[in-house]
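The two complexes that follow have chain A in common; it is paired with chain B in the first and with chain C in the second.
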Partner chain A sequence: MNAPAYNFAYLDEQTKRMIRRAIMKAIAIPGYQVPFASREMPMPYGWGTGGVQVTAAILGPNDILKVIDQGSDDTTNAVSIRKFFAKTAGVRTTTDTHEATVIQTRHRIPEASLGEHQVLVYQVPIPEPLRFLEPRETETRRMHALAEYGLMHVKLYEDIARHGHIATTYAYPVKVDGRYVMDPSPTPKFDNPKMNDCAALQLFGAGREKRIYAIPPYTKVVSLDFDDHPFERYRHDASCELCGAADSFLDEVIMDDSGSRMFVCSDTDYCETRRAAGPALDSQQSEGAHG
Partner chain B sequence: MTATTHDFEGPVFAAQSTFRAIMQAIARPGSLQSIEGLKDVPAPLSGEAAAIALALFDHDTPVWLDPELARPDVAAWLRFHTGAPVVPEPALAIFALVGDPAGLPPLNAFDQGSAEYPDRSTTLVLQMAGLAEGETLVLTGPGIRDNQAFRAAPLPDDMAERIAANRSQFPRGVDLLFTAPSQVAAIPRSVRLKRG
Partner chain C sequence: MYVAVKDGERAIENAHTLLAHERRGDPQVPGLSLAQISEQLALAVDRVMSEGSLYDRELAALAIKQARGDLIEAIFLLRAYRATLPRFGMSEPVDTGAMTVRRRISAAFKDLPGGQVLGPTFDYTHRLLDHMLAGDTAVAQPQSVPVQADAMPRVSDLLAADGLIEPSPQPDASKPVGDLTREPLSFPAERDLRLQNLARGDEGFLLALGYSTQRGYGRTHPFAGEIRLGEVDVEFFAEEVGFAVPLGRITMTECQMINQFHGSATQAPQFTRGYGLVFGHGERKAMTMALVDRALRARELGEEANAPAQDEEFVLSHSDNVQATGFVEHLKLPHYVDFQAELGLVRRMRADFEATADERLAIQEAAE
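Up next is the complex of A and B:
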């Protein structure tokens, strides 16, 4: 038998140490983006290389890993990352939100509330909330240093001037512990309130942009808004047609060529748990559904 | 040279579990986390501080040793096992190992990071006698639900003022790790002190 061609959890120890040091500083400075020497991973940029590197740096043999992509455990990105760590680290994987100790996510926060024993790892495409307003890194860095965030409020105000309301629906900027403005990754703004005062540690990894940032547990996270245009959550005005949930974030699924559609929970584990726990409120709809 | 013995037994998993304890300590300031110290490291370096060194130090991290720890065998052990350069000035260090925390230099003697790159500041590792005695500090801030009591000894009499001054220049500032037998705790720069 040949020796394994790679280290536990794929990354070499030198790389893990470098990422671990970045994670420490990220937690100590909530919301600040720590530069790190992002490695090339055996998957393309945009497929969660930042999240994968953070997960690889923290993962131990006793961890139980859950990976979700837009809330779902069974889409391509989630399945391949779960398999990646099952193969390279031999860790147990799960789809059960409560059972997991490390949850890697692309663009959703689970509906079930998280506990102190859990770490939520976000895959981030563009970590800099000011990037579309100011392309120069030297400038955005100075704006963060001076806590000069007026431009972000101007952007939200322009939304109001043009649309009558704040039209930003995902990657909605937040302020962490009253200091840094942070991009919560492209989660729907429905999820923003879950970041506030969360019992779990939240880590963010952006592989292509080479940044790691964090929200410690029980930290104040406020979505930016105006007194006369307060932050509002958004969800479709419907219930999940599989489990009947009226409180979860919904995906709109096109059913056929004639435009019929149904709404289902984006969080598959939440939906399945509800269906397993009790009779579905709308059992007829669930007949033809796939898990 | 006799400094070539004792490393982590299973280096990959020991570094991981040591790091997770440190990560939890920083994420929940003032809480006590379990950590396994190394055996047979050159005194007065503690087994817990040595474990932290193996988990986090390498050729990228200049290390400063306080006068208590600035001994040839400690420096040789660190160089051999981590490859970290030992530097003479605290302001040049990414990590500082402090064997005599009562004689801790002023926190602003260490690298504070810059306003643009506050992550470049020094992380201090203080070898404490214990984390159950000494003046009680009441911590609040990120990572703490309401309040968190924290005690450590021995520390300088004005430690509370130093921690408050460190916080006042946030996001610049140093981060503190405290080790005791089988334990680690942290006061990162984000911590606010509650005055009783």
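Up next is the complex of A and C:
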């Protein structure tokens, strides 16, 4: 019972080929959920096994990997996944958004705009945007096949009727390339516009649900809305207290037990880059300003 | 304060060291050997092998030790290891009719060819704590009789001879056996995939579902036609030599449930089957698997299907405890980005509510 010797990036080549085939199909049909034979990974389902399998399948020895969770490189699960690939693939890792060639993310899209040399890999818990409207997979697959998305529009309409606005704040549904309604994973809707016409390839992996989907570079991605209730981004009405950014998505941090709080950038690399560039940098000039 | 979320790397390493320390417990107490776990916690090992889909007592014992006795965690360890193993092919179907039986009971017949063999069972023990076991006392030598080969036909085969029970479904030789660890499960699932899913499924989940069918949620009128425990040969057809080569013997528990069926316009009334088969000694799991297997055949048999245990998508999508525990426990991961987004929405909705409070009051007063 010696410790097993693992292949480059953990997965065996046969499995990687199977995943790459699913990725190719996903790129060919933007927004369509391709079933794939997800493997049991050495981390729990729900902790990024889909993203990890996609990353493992596309990673080459010259890639530079960045892993973020909640926008941060230092959250425990991001550290854990980064270490996993540093150990099993020996690839160089980074926290620098520009430098990375593969960025695996959970719940955020980096503030800095991405380039053609980059792939953004999303960890997806529930890939089916219609799941909470219709629990049956047999039924939702049929709805996608017929592009029967009325139910989703009814849901959004009911939000407006009840609350006066659409009450979905994250995992806000989008339509990809005018065809498939897609779940962007639980990113805040603030990030939705970054998916549109993005230079980087965007891949989505759902391990437990055994689905892969993709947005090819420069694809039209539209957040669902109505003419009289257009899609709105949301961010806290504040600036980052560390770097002063007024355009980034903010985390609220509770400072003490009397409820005082501060707002800081959720994207730690964005925040650190701005601080390193000096306090005078105002958010309007920052290169990360996007859409 | 903000730096609290930093230093994740050091925190993880320290947590791992602490976990290893806690796992070992008091170093004055001798450490467990894998043989002790395998021999004395044999049913835990059986469950881990069964739901871990890997027949290896030593690795299962190691997983239990590493998981500190958390069986779902041990199952997970074994599954993750299994996923990395190369596969050479499919074994031949095991012949449970040729099993070297250690236990065999039928609740449907008082006596039958081969007889009832009680074997090692908790069934008729009085559940009184045995304080003698706190020490390592010697146990009496059990009596044994030689096994008679070919003396124990399966009860379902006896019934089938008279056409009283539906024939055991024969696999279509032209189709490969499904494997949900290699192809994603899709619905409707064929019998091979259904049984594979149930065999890997969580014992507790299936137990509750099986129990629910007995309480009227998808009733199937089951009889324990036969439960047998023993050793079976595993054979592999080797192309090079042109015949099946024995690979070894494994312990299995099989349960054949016999269920009532009233017949339909096209079919004469006859009994139907529910089938359970697990690695090692796992009667509870085999029985409940058979109950759920039969319940899931409701549509196939033209029965009304509105109970949870009859709902294929519901049962097969939620039976896997490694998947279930992962997704439930992932709620421990940070969700502050989505939570912040929700917080913003709740604040906005509360502000709207406050702003229109006077308006609502006026409407209420006008109504009164």
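Criterion: the second predicted complex is superposed on the first by the 275 of 291 C-alpha atoms of A that agree within 3 Å, B and C clash if a C-alpha of one lies under 4 Å from a C-alpha of the other, contacts with A are read in each partner's own complex, and residues count from 1 in each chain.
Keep this in mind: a residue touches a chain if its C-beta (ideal position, glycine included) is under 8 Å from a C-beta of that chain, and two chains touch if they have at least 3 such contacts.
Everything quoted here is computed from the prediction, not taken from an experiment.
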**Prompt:** Which partner does A:Met182 reach: the first (chain B), the second (chain C), both, or neither?
**Reply:** neither
**Request:** Considering only touches as defined above, state whether A:Phe8 meets chain B (first), chain C (second), both or neither.
**Result:** first
**Asked** Does the superposition put A:Leu130 against chain B (first), chain C (second), both, or neither?
**Response** neither
**Item:** Superposition-derived comparison: chain B or chain C, residues of chain A touched
**Value:** C
**Prompt:** A:Ala245 contacts which: chain B (first), chain C (second), both, neither?
**Reply:** neither
**Message:** With both complexes superposed on chain A, which partner does A:Arg208 reach: first (chain B), second (chain C), both or neither?
**Reply:** second
**Asked** So which bits of chain A does chain B touch that chain C touches too?
**Response** 35
**Asked** Which part of chain A faces chain C closely enough to touch in the complex?
**Response** 1, 4, 6, 12, 35-42, 44-47, 49, 69-72, 74-80, 83, 106-108, 125, 135-138, 163-165, 167, 169-171, 186-190, 208, 210, 234-236, 242, 249-253, 255, 262, 264, 266
**Message:** Can you tell me which positions in chain A touch chain B when the two form their complex?
**Reply:** 7-8, 13-14, 16-18, 20-30, 32, 34-35, 57-61, 116, 141-142, 144-146, 176-177, 179-180, 201, 214-220
**Request:** Give every residue of chain C touching chain A within the complex, in rising order.
**Result:** 1-2, 5-9, 11-12, 58-59, 62, 76, 79-84, 86, 181-188, 313, 317, 322-323, 325-330, 333-338, 340-345, 348-349, 352
**Prompt:** Which positions of chain B touch chain A when the two form their complex?
**Reply:** 11-13, 15-17, 19-20, 22-24, 26-28, 55-58, 60-61, 94, 114-119, 121, 123, 141-145, 170-171, 175, 188-190
